[in-house]
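Each in structure tokens, the structures are laid out below.
After this come two complexes, each holding subunit A, first together with subunit B and then together with subunit C.
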Partner chain A sequence: MLHTVNKSPYETNSLSSCLRLARKGHTILLFENGIYGALKGTCFENVVTDALNKYQICVLMPDIEARGMRVDNVITGIKTVDYAEFVDLVASNSTVQAWL
Partner chain B sequence: MKFAILVNEGPYQHQASDSAYQFTKAALKKGHEIFRVFFYHDGVNNGTRLTVPPQDDRHVVNRWSELSKENNLDLVVCIAAAQRRGLLDENEAKRHGKNANNIAEGFRISGLGQLIEAGVQSDRLVVFGD
Partner chain C sequence: MEEEGVVKKFLYVNRKAPYGSIYALESLEVVLIGAAFEQDVSMVFIDDGVYQLKKDQQTSVSSGIGMKDFSKTYRALEGYDVEKLYVDKKSMEERGLSVDELVVPVTILDDAQMGELMEQQDVVLSF
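The block that comes next holds the complex of A and B.
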């Protein structure tokens, strides 16, 4: 199952809800303002790093770059993807849950 | 694979319409079929032809119309959400006694049943919104 999170964890609790309710082995894609959850050096870094033991976490690179950040700012272990790979993630998971 | 896309947010609000557009384009490029793009809630504002953004900005509405023309995309606007927000086609304008319509090329107004059908007929429903 693929979960998409498009809100910053500093804006809403959608990432927290997603991390609480997703099952082991699920994939989580952070995009739009959701990419702020994928950044190093924030108070969310430890939570997200722990979550990497349970889920595959991906982040949409064009949305990282649109906000003036680079791949070096992304927490190690998070996979960077482009739109084509976003499409592949949707295709390879039988359901997609948007945490709006 | 067959995808249905749901857009729940208007243009130039946050990023939902842009993300949905980029996703749709990438899916088409990969050879997937887009069964329908359904515009709901403030998403119906993506379908007004009266938008005039600055020339150096992307034209969200025209971009959808062009993508629809190139790929024969079915762009459907929810009728109840559209009426509330002043989006009318020729028939709706006539039915409500309005002197103009504003629907953009490639879009059509229909009911929520079209969203349900898109969910049933497609392999995946991908939601973009606020």
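The block that comes next holds the complex of A and C.
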């Protein structure tokens, strides 16, 4: 199952609810302002790093770059994806829960 | 000849409080539309979504914000065979809410049960 998060973790609890309720082995994609949850040096780094033991976490690279960030800013272990890989993720999972 | 439709498991995930945005009302509208297609429907209420079910909402022009109190509609869902309503345990506890403060009977799910319910669905619609 795929979960998507498109809100900044500073703005809403979408990321924290997603991390709390998704099941082991699920994939989580961070995009739009959701990418702020994928960055090093933030108050979310530890909780997201821990979550990598339970979930595959991906982040959409164009949204990282659009916000002045680079791949170096992304927490180690998070997979960077492009638009085509985003589509692949949606197509390869039977259901998607969008944490709006 | 009428074609026999395939019954799929639909889950509506509600995470927004009512009135401050259109999400809650739109979700309910979609549920009611979907009910006409006789699918296997469940609704869950997580985060501020649990506030959608709070009893005693007063929204009339004379006493309040002048919007339709659509919380009454949740009580009508049973008539459309939408009977599986679930609330997130942690979201209820965080907000000091108990099930007797809600407009309809619901089942409380813990984190693991909620994840499992989501995983079992054919279609998840998120609001």
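To be clear about the criterion, the second predicted complex is superposed on the first by the 100 of 100 C-alpha atoms of A that agree within 3 Å, B and C clash if a C-alpha of one lies under 4 Å from a C-alpha of the other, contacts with A are read in each partner's own complex, and residues count from 1 in each chain.
FYI, contacts are C-beta pairs under 8 Å (C-beta built on N, C-alpha and C of every residue); 3 or more make two chains touch, one makes a residue touch a chain.
The model shown is predicted, which means the values in this text are computed figures rather than measured ones.
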item: Fit or clash between subunit C and subunit B when superposed on subunit A; value: fit
item: Subunit A as apex of subunit B and subunit C, Cα-centre angle in degrees (nearest 10); value: 60
item: Touching partner for A:32 - first (subunit B), second (subunit C), both, neither; value: first
item: First, second, both or neither for A:6, with subunit B first and subunit C second; value: first
item: Which superposed partner A:20 touches (first subunit B, second subunit C, both, neither); value: second
item: Subunit B versus subunit C as contact partner of A:71, first or second or both or neither; value: neither
item: Which superposed partner A:96 touches (first subunit B, second subunit C, both, neither); value: both
item: Closest approach of subunit C to subunit B (Cα atoms, Å); value: 6
item: Common interface positions of subunit A, toward subunit B and toward subunit C; value: 95-96, 98, 100
item: Footprint of subunit C on subunit A - complex, ascending; value: 1, 13-14, 17, 20-23, 26, 94-100
item: Residues of subunit B that touch subunit A when the two form their complex; value: 1, 3, 8, 14-16, 19, 22-23, 25-27, 29-30, 32, 124-130
item: Complex contacts: residues of subunit C adjacent to subunit A; value: 13, 15-16, 23, 46-47, 88, 90, 111-112, 114-116, 118-119, 121-124, 126-127
item: Subunit B-touching residues of subunit A, taken from the complex the two chains share; value: 4, 6, 31-33, 62-63, 82-84, 86-88, 90-91, 95-96, 98, 100
